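Have a look at these structures, which come just after this line.
Here chain A shows up in two complexes: once beside chain B, once beside chain C.
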Partner chain A sequence: MNASMTGSDAAVAGERSRAASPTAAPRRNLRAAGAVVFWLALVTLPLWLTHVGGYTALGTKILVYGIAALALNLLLGFTGGLSFGHAAWFGLGAYGAGMTLKYLAPSTPLAILVGTVVGGIAATVLGPLVMRRRGIYFAMITIAIGQLFYFIAVRWNNVTGGEDGLAGFERAPIHIGPWVYDVQNETKYYYLVLVCFAVAVVIMKLLLASPLGHTWVAIRENRRRLQFLGVRIDLYIWAAFAISGTLTALAGTLNAMLFNFTSPQDLHWILSGNFVIMCVLGGMRKFWGPLIGVAIFVVAQDYLSSVTDNWMTAIGMLFVLIVLLFPKGLLGMLGRRGKEAA
Partner chain B sequence: MDEFTRRRALKAGLALGAAPLVAHPILTYGQGESPIKIGMHDPLTGTYAAEGESEVRGAKMALEEVNAKGGILGRKVELIVEDDNANAGLAAQKAHKLIEKDGCSMIMGAVSSATALSVNQVAAQKGVPYMVTGGHTDPVTGKECHWTTFRICTTTYMLAAGLVNTLASKFGKKWYFITPDYAFGHTFQAAYAKILQGMGGTVLGNSLSPLGTTDFSSYLIKAQSTNPSVLILLVDGQDLVNCMKQAVQFGLQKKIPIGGGLSELEVLRALPTDARLGWWTLEWYWSQPGVPHVKEWVEKYKKTYPDGSYPSARTWFGYAGLHALALGAAHAKSIEPAKLAHALEGMELPPEVKLQPHKVYFRKEDHQLMAGEFPGEIKHDGKYPDLFKVAEVVPGDKTALPASETGCKLDYPA
Partner chain C sequence: MQLLLFNAFNGLIQGVFYALMALGLALILSLNSVINMAHGGFLVIGAYLAYTLAPYLGFWGALVAGPLGAAVIGLIVERFLVRPLYKRPDPLYTLLLTFGLALIIEDMTRTIWGAQGLPFQIPDILNSSVSSVLFFITGYRVLVVGITLLVVLGLWLMLRYTRLGIRIRAGTLDLETVSSLGVNIYLLRALNFALGCLLAGLAGVLAAGILGLTPPMGSSLIMPSFVAIIVGGVGSLVGAVFGGLIIGVAAGITTTYFPAASDAVIYLIMLVVLVLRPRGLFGQEGLFE
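For the complex of A and B:
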């Protein structure tokens, strides 16, 4: 392979040669088999998770954070915009859902819808503030936007519950005609979240396969070249920002209903930073990388914090080690190995 | 390869025979019964780690006592402690873990109010009794109360009421406030003002100081000019240290009694000497001459944790919390959640658990423990642990809002 090629050029070249090569069919079969195993594992998760030391709410949390991290990665890994403010959309989704259940109507689908729309609109409206910025300026403005919502939640006591957080709502059973799906049950809620996760994944996969997705990758790889070609890159970044924010808000609504509670900590920049860490851990150049990062982060946090008070040091060291040894993240590393072998 | 030799068999036999001699003779747990697990969430990392550690220490002392007396209903009790990092989301996750994975039949804990509220939601949804040890915000036993939740520490309202009563009767009813300019400060000040005006007092003025204020001189001069009988500082953290320092430079504390809100032994210990000043309220204090069991308990604490520390209100919360759960189960003769909850309602804590002079009991209507307030004065040049002089102990039913006004409606399942 030509050493001077950039990552995606190489990937595109690889994709082409693979399509032409006779090994393409078995490889595709392998992929299909992998996908089947992956989704089967998720569908059967409530059955086996308890036997390996987990609990249903932990699985649900991984999926919820997974949606958020995958959505952030549309912007971070595929378009190349480092956002340190994604907790804003996550938290807006959470408060949107919580307040809908508390003040409007006890309807789970309505809560998901309202929260997602509120977060999505906010991301869309504020997108133009960041779409022309690059690098560190992009990151700084996203932090500022995130903290803006954090302080609104902390100060607007009467409505948001202030620092104590928003309580006093619970997810309501879903009525479909004569059918009742009682999501108050832990396992049933997991499956609702799994459905949302699958929908989000399909949307993201379709987008990345479309011309829009290809343009995002091109912006990441060579912004100037695209500008010279006359592409309105700010509009594409805006689209990435808005879509990524909307899907993150969807994750936020599910998170609020997971514990029937939300607090300003769901809007804080530390959570935004954690989302970025999850993407980097798993590998932000791979679609599934962030999900691996989420799984490692959430499981490590859950397990280590029960074992030692110094769990944050341990997670920090894990992060440093992974960044040093696997600069492309865990999945990125695996992927490259595979390609080299082939 | 090890072989099972005659000598080893003899040794094993000897050890088996000697075991009952060494083991505690009172331990008579039901044979083959699984232990009862109590889950505890508290911040062991982050800003509130010291307070969390104190609560865990107290709970462990109670655990030992309960097990020495044969556990709960003859079953051994296990305490599983989880770190919540004072993060509401993590606390809720840990509550799920404690209930679903570890199979805890009761949970307890909390320092930060947000964690108390989030675990309150989880416990109610799961129908598991939850003993809130810290976390003062009113809604826990007010608007957001649930049949599963009980609270040891007092409410924000009780804290304010305890101090207002004492200061107003001691010094007079014309007060001036310096309040941090954010939502919690406003709420706190409003509660003080309401209680004071309810007693026929007047608010002479209220200065709002932005967070991070370093120069409080204009507020202090303004306060002094109104000639109040009490000056209340509701500012917090570094702002409080700055404000106190300047008040001392003005010699204000010699002319006007200065008061604050809630303080804790852990906080007093960490304060610089300059800021150790004024009238505050604690929720328990280690020195209560003449009150039965307190001295023995403090001695026991020092023997259990020989690191030179003294038990604080937080230690007592953890201690009383675990004992209350055990006592409730003993009264109910069951750990079935609804029976346990009904047994706890109105239950009075015995002297060796309450460790304070007045009657302490769980109010039936809102599950709030009617525990005392300990308003008093910080000793300006005191040395740890002798940092506070309790003026009086105000019983809980004198400080608490009447149950009808808390907004609590218990939601027992039909």
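For the complex of A and C:
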């Protein structure tokens, strides 16, 4: 779990372990135990989720959105780039996968690959337009760029299905040699998504532990000092933008195949805003914060839309309350309390 | 040729709405450092208030009362929701707050007035065409352009010559210094926020006379307004106005030749501007870079 430590966290932890080394080992054991419990819970999720009132597709959706939110957080929480247009990469991935299945070939792995590459290339090409901006300007340009793809999807309707969305495709069974893994089964699809989730998490953890990841955190903490040190911060932000966008596109492909459907709503700025609030709700300074935010948000949305017609108002209130009362997010608050106690 | 003129003029009217919205957004952006995602919501509030009050106040009364109502609600929102966030330097929080407000306002509008589109009655005299050849130039459209010109001119004079306007401009450059010179910057920011909402409300009433009223009308007008600001240059009010007019007319002209691309074209213009002149047409160098 050490890989999840950011530069500043690592420095703090280093000081702490020097000051009170006897507590360091139990803390590490606790973290390892937590990781084991966490992954076990995910692996066994189809067995217990139905007993607590959920359904397997809901668990799959949480993992899919989890990939997107964790990926967004590379840029938002770790690099400090306020992207408000991540639905663009999510939606491009979704349409890429959907169109591959519909027009190209009924192959699930190919759909994942094409969608991820399409979204990734778009993020990489458009990254230079925002990489030198910061704060408000960065946010505004990312919002507006996202809408470009929204309107293309709405208006190019003989290919994209327009306002009604792209339907008429389904995820295909995966053939590996003589062995067939039928992902049309919901539980089997859940495990495919879980594998993608695990791969994405490993990639992100490795990146954050690398010099690249440490530079991202340094950019967030003190951009100007890094500039004076001669670091080309724009290139690092570009890298964060491109990687974050690519992984978000991966989530988009999985989302399209989860519902065998995708619509312009997957490209809309409201979805971008939802991704950002998920990160903030869970705590965007922590690696796992966004996943917790996703779990709460997706369950809340699922529940609210079944009990009230005014669920949009309820979600809006959730936004206002989070911003005013829990700006550090749930994990951020727990972490702070822990520090105060110590 | 007449079709081209027709579409270009329609685009100009759209551009006027974008410009009014962008102007309010730009004011709030530069002094309050808030990306007001709820700006479309204030437009909707202005429009629906005018619709509700028109039977009592008449068209002209509603034209004034709608925007004022939006400004008053803006003042309340600023005082109780936005103001506590000024001490957090990250623009993320006000962005998310106003985003939530945008959802609430759109949903509440739907609950109160219904999801169906409503017509906004304008006086018959304004409905007739000004010229028999250019049939599409109705009195109301002339009025829309005229009012917008007056408002932009009035705003310019206010910012240039009144004490409040000078303080607002000074505040956008260096808020701390303005504060230490004894200006109540909380009041200044509150008034500025309300002024921005007033412009949004005005855009709403004027747009209602042409497009009718629907709950999502705000969210469909806000994105082009962002583009208008980026094209015109963040931090420039002149840029916001010209940016709005340029993308409006460009979208109108595109409708003539390639209707399907009329929405996408404004984002393409934005990309071109960002590549060729990253600070926008009227933006200052180095701002937000």
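Keep this in mind: the second predicted complex is superposed on the first by the 321 of 342 C-alpha atoms of A that agree within 3 Å, B and C clash if a C-alpha of one lies under 4 Å from a C-alpha of the other, contacts with A are read in each partner's own complex, and residues count from 1 in each chain.
Heads up, the rule we're going with is that a contact is a pair of C-beta atoms (placed from the backbone, for glycine too) under 8 Å apart; a residue touches a chain by one contact, two chains touch by 3 or more.
Everything numeric here is computed off the predicted structure, so don't read it as measured data.
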Which superposed partner A:V64 touches (first chain B, second chain C, both, neither): neither
A:P327 touches, of chain B and chain C: first, second, both or neither? second
Touching partner for A:M312 - first (chain B), second (chain C), both, neither: both
Touching partner for A:V294 - first (chain B), second (chain C), both, neither: neither
Contacts of A:V154 with chain B and chain C, given as first, second, both or neither: both
First, second, both or neither for A:I243, with chain B first and chain C second: neither
First (chain B), second (chain C), both or neither touched by A:G53: first
Contacts of A:A88 with chain B and chain C, given as first, second, both or neither: neither
Touching partner for A:N260 - first (chain B), second (chain C), both, neither: first
Overlap of the chain B and chain C footprints on chain A, listed as residue numbers: 154-156, 309, 312
List of chain A residues in touch with chain C within their complex: 76, 82, 84, 126, 129, 132-137, 139-141, 143-145, 147-148, 151-152, 154-156, 269-270, 273, 276-277, 280, 309-310, 312-313, 315-320, 322-324, 327
For the chain A and chain B complex, residues of the former touching the latter: 50, 53-58, 61, 154-157, 161-165, 167-168, 170, 184, 186, 255, 258-261, 263, 265-266, 301-302, 305-306, 309, 311-312
Chain A partner contacts - residues on chain C that touch it in the complex: 29, 33, 35, 37, 81, 84-85, 88, 90-97, 99-104, 106-108, 111, 223, 226-227, 229-230, 234, 260-261, 263-264, 267-268, 270-271, 274-275, 278, 288-289
Chain B residues within the chain A interface of the complex: 44-45, 49, 82-83, 85, 87-90, 92-94, 96-97, 100-101, 113-114, 117-118, 120-122, 125, 137, 139, 143-144, 182-184, 186-187
